[in-house]
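Contents: one structure, followed by commentary.
Going by the order they are written in, the chains are A, B, C and D; count residues from 1 in each one.
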């Protein structure tokens, strides 16, 4: 007898919501997309065409969807500002939750999701850091874990978007939490993964410029930022985030250990084609984050489903998502104030840590 | 209303059969795997565990499967020696056919499949040259087709397997048709695709050695072969096939035109990880053909399904598969006799073509 | 009639001194190495064997060498602590000077060389930042200068030495000025070159760890450091220096502009060989700085010679070398104090610049 | 006491002659360029400006130069048609000889140089296959020689020039001996080096096209050629030569062994710069053969000089140069006749070798 499928609903049918919906509908054999909700008319209409014919019930109201008979889980891909609220509601309705990153742009609100989840220890509540499901990052992590590079000590990582001259990112910055919360959060999560989930941040400092989008300044944001994160115990990460890559998305990570180094995506490439022409020898780079991580999102959907159905341990702790927001917010604050920000060994902000 | 799914059966549950079965079961949303057949006990048992619980009916006998009510198509992944026979039976049973390459190791038998298919013009009958569905090859083809490299003139391609010290390839060579028919057939098909399906072969010549598996000689085979294929109209291809790659599978192609060059997979890589250690800076290579082309096989299943359901034109002609076998067999013959083999402009073997 | 050759003496015959001596002896056609000085017995002996037979007069005492009849120039490759003193003496003796970097580990002493040089405007006095003579850096600079990447905005650069388990770097740290002054000085000089010699530093901040050489702490040094340098006008550099590279020397630079990016040495390589073996596909990396920059040093010797003989403008200003030391020292101070350090628009340290 | 320098004369001051002259003048510390000869007025004038002021005596007549008092060696870089004659004259005048490749486009004439040299065993007579002095080829050879890739079995090599739309290569083809003798001779020499100087050719076969320069046909030449060379003992080489590379010179070699593979220049590059722009991520390729091999030519001059002065064994046998011409001519013949050409185990042409 085959085990029944996980009945899941999708909150939000925007750019990422559509992808999650389709992934659960078509590319997650053990899941069954049974519902989707969106308050947006255009998105609702998209659902009418692409989801409803396959048995997916559509809702304008998220709360109504939660009441659907037999629903077991939700994937939350709505606007960041409602992530936490929707996640908590789902938890309270006894549903498993896969929530897009970040839980919130506020540390406190992020923590409230963790608090809610703690009360329902049987539920699987996960913040979807997609790179954790990427085959290359996993391979690098395994190699590090096997001791190949000695003790990981320095971490360099960047999340750099292709230049979008439409001005999209200016409007987006109003609610994104800033470039360190929106982009570098991935790199921070990776640092916590590679250095260990129990790593304790000691200080952060960041700088930023607006090279192509001066209007970002009105949202206290930048289009290029660099930051340093020190951890207690002699490890450090340095990060770069940008909205200005000419050739395409460039998400590169290096983990430097006492005996070796591992890189992921040191040479971005859209595919395996090389072009020789009078301008030289080139390859194209993927334009978008999803070009690089599509397979990781599919893996995420499948693994989350398996964890729910088989009551397996999730591949990462929810509390790490709060830690990542905390570091991201501190970097963003440092970018804006120019100050270096210090934390003591239990994570409290202090005027100055002992060196 | 959603259109019904394509009901498909899978013939053979060996290495490739299992993959096709799972791909149609889980990764082809518009298809429904409803049947599978294999005369092999171990394979049948595998089907009991992995297919039957999901509603797939199992058969020991291929002919019985063809009679299953509602069956619309078959994917043939059995041993090469029965490809043609099974394909013809399916055609005669009014089923669409996706047949693993090659149709046969014999040109005549391959042609008999084409002849059978011609009588049922409504059926979709396709020989599965997986690389035609690979995103990188398609991108290269589009770029060539757009004129980026001028007139394609020289084609270099290789299909090179990772060294398998188990001796597997010696036994396998008894029925494979030889390394040019088994491996280079992919490169030949690519040459016909990039140079145009109407390219007419003018001559072939090949050489081979047995560097690691001297026992291959008893099957008139080699573990490394190189060949040259001349086409009428001033184009030529040179090919390399091998069973001896130390680092992993190496399937590389170059299309050299009058104004540029396109390469596919010039630098094989298992993933995006780079390893720095005292031995240098390295990446790993995929071990197997399927590591490289898994996504292409999924694409193939989905596109074949769409062609059947929506009565679309297949992306390649079945007759090309005969042409590929013809060139592959001639190369294998040249490898064994040392002779250069000539064809006239209508494809007949001749003593010597006019230069 | 052929113009006479530049008569040059070499101060110091240590690791770099030997190289400079040989380069001026054998690989600088328009120069004639006529003298060399070293207080060290082993180095003197080396000179007896490798220089004296070719007409090079040897001195134990630098001051004596300066008096040699006909001497026109000196290359200073002695220990860092005497760079400035020797340079000033040479200038006062009316000799052209090519001085190894840094002029000094002290900003004030570095400035004293500039002051001395200013009084002899006919003399060519250059601090040898070798990368300025490297063909790849020059090509990148020209491409940037031609507008290829728009406005250069973010600069990433690293100088990372191969791990030397002998403990050499601990002893070396006593006089090196620290890792930012010893290694990153190159990257700082490059930043000043690519952003423009008139760039004004706004702030620096740095962090460091001792991952492999805890004994470095007694010299207030680290084996891995990261730093951020902000410039007035909306440009920033982020730097990495390390003594811990497993695979070899890794000196990589990226210049990121509003319309493109230029990298130099993104994929370090000892030569053009690729090795395929069961561990994967790898290349080796050069072990030492000189492996990477040997041709640049030769170019430097030849261009310096031409500037002296033909009274040409040097490719960079001497004052830039002071600026580089100033930034390097500030980074080293920040590494040790944890403080971010601010400068006003005329280069004075301030408590805090206006954002 | 320092040993005296090798007094050398340069025959020919064309493209390669100028380079050899300058290399011996400026970049070969143990040699002294004392003479140069050319019958060409423009070249002679160049010598007046660039050589004579440095003490180089100029001759219009090669024979006169040979009589110059104290001359010890000649480097022959005149037109291919006089290579052999000039080499023999020099040998007869008791001079060491470094002769540009090929000795001749005729096997017999090439052999006559070997015969002449045999009579003067004390003289160093070398055909300048520059790649033998290239650091990457040498590193690959050493690695192979150390057993890293097991038994070398398959050799792929190409010499491919950048497209020159001026038509230069059509005129050049009249005397070049054809593309296999002019370009592939390098690859053939490499095959003989990597497979061992005693390798015995068993068969050759080649094909060619004129994709961009149809006028080459009047000189029985092609602008793209591919060939297969079989050796007795189970080794084979396959070669590609072209005048049609869009991006730049592409000289790539692979040596495939039973346990690994070594590549040289698998990814051509002009320098270490990578360019990111909206068209993708690219590097430039060198335009000319000399861009790739300049350092090898310098090494060649220095090693040849050392062999002459110190009576050392040359790094390769002169007879190999005849072998290379023999294989190159056979490939060119096969290109033109379409025939496969066979040799017996002692190197005689036969109708057909036993397989």
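Just so it is clear, contacts are C-beta pairs under 8 Å (C-beta built on N, C-alpha and C of every residue); 3 or more make two chains touch, one makes a residue touch a chain.
For clarity, every value in this text was computed on a predicted model and none was experimentally measured.
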Using mean Cα positions as chain centres, tell me which chain lies farthest from subunit B.
C
Selected interface, A-C versus C-D, where C-beta contact pairs are more numerous:
A-C
Taking each chain's centre as the mean position of its Cα atoms, how many Å separate subunit A from subunit C?
41
Residues of subunit B engaged with two or more neighbouring chains
149, 245-247, 259-261, 266-267, 275-278
Using the touch rule from the top, collect the residues of subunit D that touch subunit C in their complex.
1-2, 25-27, 29, 53-54, 135-136, 139-140, 143, 148-149, 259-266, 270-278
For the complex, give me every residue of subunit B touching subunit C.
245-248, 267-269, 275-285
Mind listing the subunit D positions that touch subunit B in their complex?
149, 151, 153-154, 156, 203, 205-212, 224, 226-228, 230, 234-236, 238, 240, 242, 244-247, 256-261, 266-267, 337-340, 352-353, 355
